[in-house]
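There are two complexes below, and they share chain A, which is joined by chain B in the first and by chain C in the second.
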Partner chain A sequence: MNDNIPAPIEERLRKIADGMTVLVPSAIDEAILSRARERFAEIRRRRAKVQCLWWASAAAVLVTMGFVASAFLNAPSYERADIDRNGRVDILDAFALARRIQQGNASGLDFNNDGVVDRADVDAVAARAVKLKKGSA
Partner chain B sequence: MALLPASKRLADQQDLRTDQELIAAANAGDGDSFEALYYRYREWVTGLAYRLTGDHALALDVLQETFLYFLQKFPGFVLTCQLKTFLYPAVRNLSIAARRKAQRAQGDAAVPEELEGPDIPPPGGDEIDAVIHGLGAEHREVLLLRFVDGLTVPEIAAALEIPEGTVKSRIHSAIGKLRADARTKEFFMQ
Partner chain C sequence: MIGFRALIAGALLVAIGASAQEPAFRAVDLFVDSGSQPLAAYQLSFHSTGASVKIVGIEGGEHSAFSDPPYYDPQAMQSNHAIIAAFSTATADQLPRGRIRVATVHLRISSDRTPEYQLNVQAAATPQAERISVVTEAKERTGL
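Let's turn to the complex of A and B:
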């Protein structure tokens, strides 16, 4: 069976529904809509607060990142052979390397690139320490 | 109390945005979008409430309660069906509550657990009205939802909170009664 109804009956159903229209006094509209306005004002206030917090968090993250970057960029750089990190390569670095080799704490300090860290590396640092810079008398 | 200017009300009624667009704007805090939804569905909610309660004052109470309930859904309201489908159960349950409250206030012993159905005005002597009235509340309601409110079978099922099969069967049966009745069967032959 086709579940459609003839137009006159559909029309009558519409009339029945239309006949049930209730006139809504404007005081009722206003009562509902004033509650709605309060609610949406509250929603906007809450959103603004969340947005404020979001911007504050974003600013805090940026400031932190700035500090970290600045600390990283301003960190002093040392030459690899400056074992004691005093800003220059001198004979004390050769002694420091010798001491670390003795203590077994010299991994990665293969200055002559022969695959082992040993006395030859101490010599290489010492040679570097006594090497004259270009242009020096 | 400040009343809405008529031009504002008209603008709300003529807002061309879809329900979904209005809801998205309302979720973002735009009260005007909610007002547009209110004016779009006000008559339907009131008419339905009157259909279910048979009382003008109760229908107006249900209108207020329905929109205050709807208002509480914001922000974060997600519409997954037609707004009528969403509003229907609220109007129905609030109508039941309103009728119970009214009957208790009048001291009636029999307070209904469920609405017996839409309380439409008695037929005014017209034969078609008489047949429609004689269909019974459940059948008349599905016909109104299907052919007047334009809801689909799944939407009616969601609104009435009953299985789709039951909706189909009620529509089928209601049409069957109209088709069988001597006063309306001629319309099916044209």
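Let's turn to the complex of A and C:
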């Protein structure tokens, strides 16, 4: 509805338009159709590109996760008391802890979970070092 | 019948005699020789075989750095195996070098067989926590 056209004129124009057949040359029809097809093909190509990007991103994420998991699984696991990370707990771990305490460099090594790192933690590591395996005593 | 009873009685007497045998107590000194290197830490595995032996006590060594009782698992008491370890954070000039007695193991032996002692080094280190090779010996103390 156009407010600039008086209503009676609009009414008459509608009646004329309803009764007449608009002839569009077939060349123009084909051109419009062709451009529409091209446009839709372009939209499909863009969608396919975006989908490809999504799949590539998902694959990259999966591969990265695989690498991270593999790194975690293959990393050597040390006992917490194995301070020198040589694969076993012995008196040298207790000795290392005692030296760190002496040097004031033992934060985070609270083995008996009493809130402080002191001689009791050294004793806990030493006790672990000399513990007999079941059946060996 | 009388012969059979006499046989049983004899067997009982032998059994009572055997069980009444007094157990022997022995002390075995554990030595570590670190050569020219100062010894700051050691861990030894002591094992007694060949006789009915039970560990009844473990005491420290001769040098002031190791005179306190070493670390060991209380489960080792009343068994024939112990892991014995100690360390000292003293400076190199206060630590022993050469051959020293680091600990003594007290044993209760309740058989006539002579026990054999195995002593293996599990770890030894200098004051800088560098692992070193040491020579060890378990020697039964005489003249107790």
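The working rule: the second predicted complex is superposed on the first by the 113 of 137 C-alpha atoms of A that agree within 3 Å, B and C clash if a C-alpha of one lies under 4 Å from a C-alpha of the other, contacts with A are read in each partner's own complex, and residues count from 1 in each chain.
One rule holds in what follows: a contact is a pair of C-beta atoms (placed from the backbone, for glycine too) under 8 Å apart; a residue touches a chain by one contact, two chains touch by 3 or more.
Source: prediction; values computed, not measured.
Of the two partner chains, chain B is the only one touched by A:L13; chain C is not. In the superposed pair of complexes, A:I5 makes contact with chain B only, with no contact to chain C.
More residues of chain A are touched by B (comparison of chain B with chain C). Legend: residue contacts after superposition of the two complexes on their common chain; A:Q102 is shown touching chain C, with no touch to chain B. In the superposition on chain A, contact of A:T21 is made with chain B only, not with chain C. By the touch criterion stated above, A:D84 is placed in contact with chain C alone, chain B being left untouched. When both complexes are overlaid on chain A, the residue A:A36 reaches chain B alone and has no touch with chain C. For the contact definition in use here, the chain B contact set and the chain C contact set of chain A share no residue.
Those residues of chain C that touch chain A in the complex are listed here as 40-43, 71-73, 75-76, 79, 81-87, 89, 122-123, 125, 129, 131. Residues of chain A that touch chain B in their complex: 1, 3-6, 8-10, 12-14, 16-22, 24-37, 39-41, 43-44, 47. Those residues of chain B lying in contact with chain A across their complex are 1-4, 9, 26, 28-31, 34-35, 38, 42-43, 46-47, 49-51, 56, 59-60, 63-64, 67-68, 71, 74-75, 120-121, 126, 128-129, 132, 143-144, 147-149, 168, 171-172, 175-176, 178-179, 184, 187-188, 190. Listing the residues of chain A that touch chain C in their complex gives 84, 90-92, 94-96, 98-99, 102, 123, 126-127, 129-132, 136-137.
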